[in-house]
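Shared between the two complexes below is chain A, which has chain B as its partner in the first and chain C in the second.
Up next is the complex of A and B:
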């Protein structure tokens, strides 16, 4: 997972002598045993509660179940992508405000960022779910979940983008100006493309957060993975099994996204290292 | 007011548990025993990636099927501390990884014991460089406690209360605005304190 040469985990320990090696071996065996016992206890708990019964798990052998889960997954992905796009648009706007030359615009940008960062997603969701209809505005369930999720993530994205813009070397900007480029094209054609490349890993991590937040879609009954899981449960009466499978699906998706983010970050560092040589 | 206190209480307790658990997991992850390392990494991957709502629902609605019944408060607390614990461990690991290997070698060459190394070199630096991430985590923990609104908790937390007011009476925008401000103010205060501590203890590299 980490580079072997600079792995502090290993650097902490001296090369072990025979006695230490024996101790480590014993320790490894003991902890391994403890883990196995732990897993066994969990399984026994399942068994004793009758949750390993095939009737709870049989539904996963059916094609329709998976198709239904797949549909929910599509809903989740759609919501996450839409919310992600909105987040980006909002975050980009706040970021422009924050780096503006006008003091008032900067203040507004900062206020927006602090506000969206400090308020829980659920509060935004309830706002769109309960208050917005009271005001006479009708939104689809899809918008009711994507808008609040996007708003609550936008503040962090703005900060991430800003850190990217700040990380672009000043010389780039100066060089572009000396070529006679206008301020706007300097930003759009020189600074921002580089800034964006810098923040790609952080943006992918942000997508993970957005995806997690879309699980609240059941509040507004938008058919995402979680909501479809609920329907499956009421059809098959196997709550534990369905929720566990759904949790595993979520964990896998997010794990892959995080891995992708790590990969992009590493690739970028390699490119930077190669350029420096 | 009481709702705000509930939110604060949940946040404080959850963060304390998360921190202790996070340190524990981090110790496992740097220990020389492979199974412990594996368990630590596994824990972090699971709880870093599970949606909070998913975990809470499993704790509240699925665990009774395993004859494990906790109060709503306990469930929220567990959900709101297991997840930040994973992030806490990640930040501490980043702090530890940022220590140059040369320092360990230097410490060993002047004859420090393992315990001395951990106490005087690793822990101080790891803690110092993770002050800012940890303050962000504290804010994140507070936001996670909004999950409590998903279960009937007495006394309700801030988000739960607002949702309750709005479903039972037309309180409208005011309740939302006030509670958003309360959350926000708490977050800003935490952030400021974090910055202050960070300025004092930051190590310039």
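Up next is the complex of A and C:
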């Protein structure tokens, strides 16, 4: 089986002939050269502005800097895991409401999905940061960031899960019912496990969004990677250096998540591959 | 089998004046049909004749508009626990196999016994292995359905039905989705089942199977049962014009 990427390219373009191959080679060389020049220009600019001076970068030679970044990273991962779990629980609940037989339950589910999808994350955060304390409810900084981020993503997750449930072929349900299985068993043992496999890539994309949304943690002073970066900057006055390093860390985490998603999607395709005999 | 003898002539499956519409389409017209214990009834007819729909009404995969369906003399429940209980006693083999795609072969066969019949996992697995052996796919037990050929998948589907110890099995065009070279292996398993006394209702286009294995052939056209009889009588001497036309049309290729 060819991997997914070749398949997409094959779907977009026909097999190249000799002239196309030549043009492609020239085009590739030119764009690469342009890219190198561009990067060189940016670096020179930074150099001339003094941003590459060692005084801005010296902090990374210290163990304490890395320990502080590490602590922030742990905060980010904890917040993302918590928010991700909550998002899934909420999304699953809305999804159950939306596929309910009861019209009222479906209406509530739809309302929750539209509400959580429509309101920006920051607004939810301000709600938990400013309004909830006024109601006399004391939440930790951890909950003040994870709850709103989770709520904000939950509507999308509900819809992703529902699309997965709809994508499970009806024959799977029929086979389960024909064995005498009850509705709950059919859903939990046959339909949902397959639906979940179908939507894993979309769920991971959503987890990436949740992880990025946790950077709002600085609003509620929860020590995540972003918040700790801000503290480092105010202590060392090296804006570019710290943000660059932090950005690279975020990119690495999300790159790994997306790789995991690709891997699982490919495995699923292999399992599904011969299904359409 | 002998335990059932006392029940005498109560058919395992009985349909009385069943009617069904799909919108304006009258797909089942006053269907009366019964299948006795141990009997193999084959339903044939052109596509769109309603034979598949008929088969699917018996375990309520399709609802009916009017009439009655009786299983062992008891009306088919319309919902809930009772319906599920009844479905557990009637096996079904689908045209497109419908093996559970996320489970391996062994799990496919044990899900019914463990979830519905509440049998211990170990016991269910042992019996499942025997059934897989019986249909000749025991070496594939730990693969997922997509790794098997269509013929193998359908044999697993039959094993999955058998694991429930059904009173009867409904076969809804079990070989129609198969490549020609795989049809034989599935029909062979079905023939063995028939010889062992399984009650079977088979919707199929396999005329040779009908001829060899059926106790009774039912010919459907346009939502009605047009003709029924022994395979010899039906194939050698069809009584109706429509049956003759149908048999001629399939003889020509």
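Throughout what follows, the second predicted complex is superposed on the first by the 240 of 277 C-alpha atoms of A that agree within 3 Å, B and C clash if a C-alpha of one lies under 4 Å from a C-alpha of the other, contacts with A are read in each partner's own complex, and residues count from 1 in each chain.
In this text, contacts are C-beta pairs under 8 Å (C-beta built on N, C-alpha and C of every residue); 3 or more make two chains touch, one makes a residue touch a chain.
These numbers come from a predicted model, not from an experiment.
**Student:** Name the chain, either chain B or chain C, that contacts more residues of chain A.
**Tutor:** Touching more residues of chain A than the other partner does is B.
**Student:** If you stack the two complexes on chain A, which partner ends up touching A:250: first (chain B), second (chain C), both, or neither?
**Tutor:** First partner only, chain B.
**Student:** Based on the superposed arrangement, let me know which partner A:180 touches: chain B (first), chain C (second), both, or neither?
**Tutor:** Touch partner of A:180: chain C, not chain B.
**Student:** Touching A:171 in the superposition: chain B (first), chain C (second), both, neither?
**Tutor:** So A:171 only meets chain C here.
**Student:** Contacts for A:194 in the overlay, against chain B (first) and chain C (second): which applies, first, second, both or neither?
**Tutor:** second
**Student:** Which chain A residues are contacted by chain C in one complex and by chain B in the other?
**Tutor:** The answer is that chain A has no such residue.
**Student:** Please name which positions on chain A make contact with chain C in the complex.
**Tutor:** The touching residues are 169, 171-172, 174-182, 185, 189-190, 193-194, 197, 271-275, 277.
**Student:** In the complex of these two chains, what residues of chain B are touching chain A?
**Tutor:** Interface residues on the chain B side: 29-30, 32-37, 39, 41, 45-46, 48-55, 57-58, 61-62, 65-68, 96-97, 99, 101, 104-105, 108, 114, 117-118, 122, 139, 142-147, 149-150, 158-159, 162-163, 166-167, 170, 172-173, 176, 179-180, 183-188.
**Student:** Tell me, which parts of chain C touch chain A in their complex?
**Tutor:** It is residues 59, 61, 81, 84-92, 94, 96, 98-102, 111-112, 115-116, 144-150, 153, 157, 160, 164, 177, 179 of chain C that touch chain A.
**Student:** Could you please specify the touching residues of chain A with respect to chain B in the complex?
**Tutor:** Touching chain B: residues 1-2, 6, 8-9, 11-14, 24, 27-28, 31-32, 34-35, 45-46, 48-49, 51, 114-115, 117-123, 126-127, 130-131, 134, 208, 211-213, 215-216, 218, 226, 239-240, 243-244, 246-247, 250-255, 258 of chain A.
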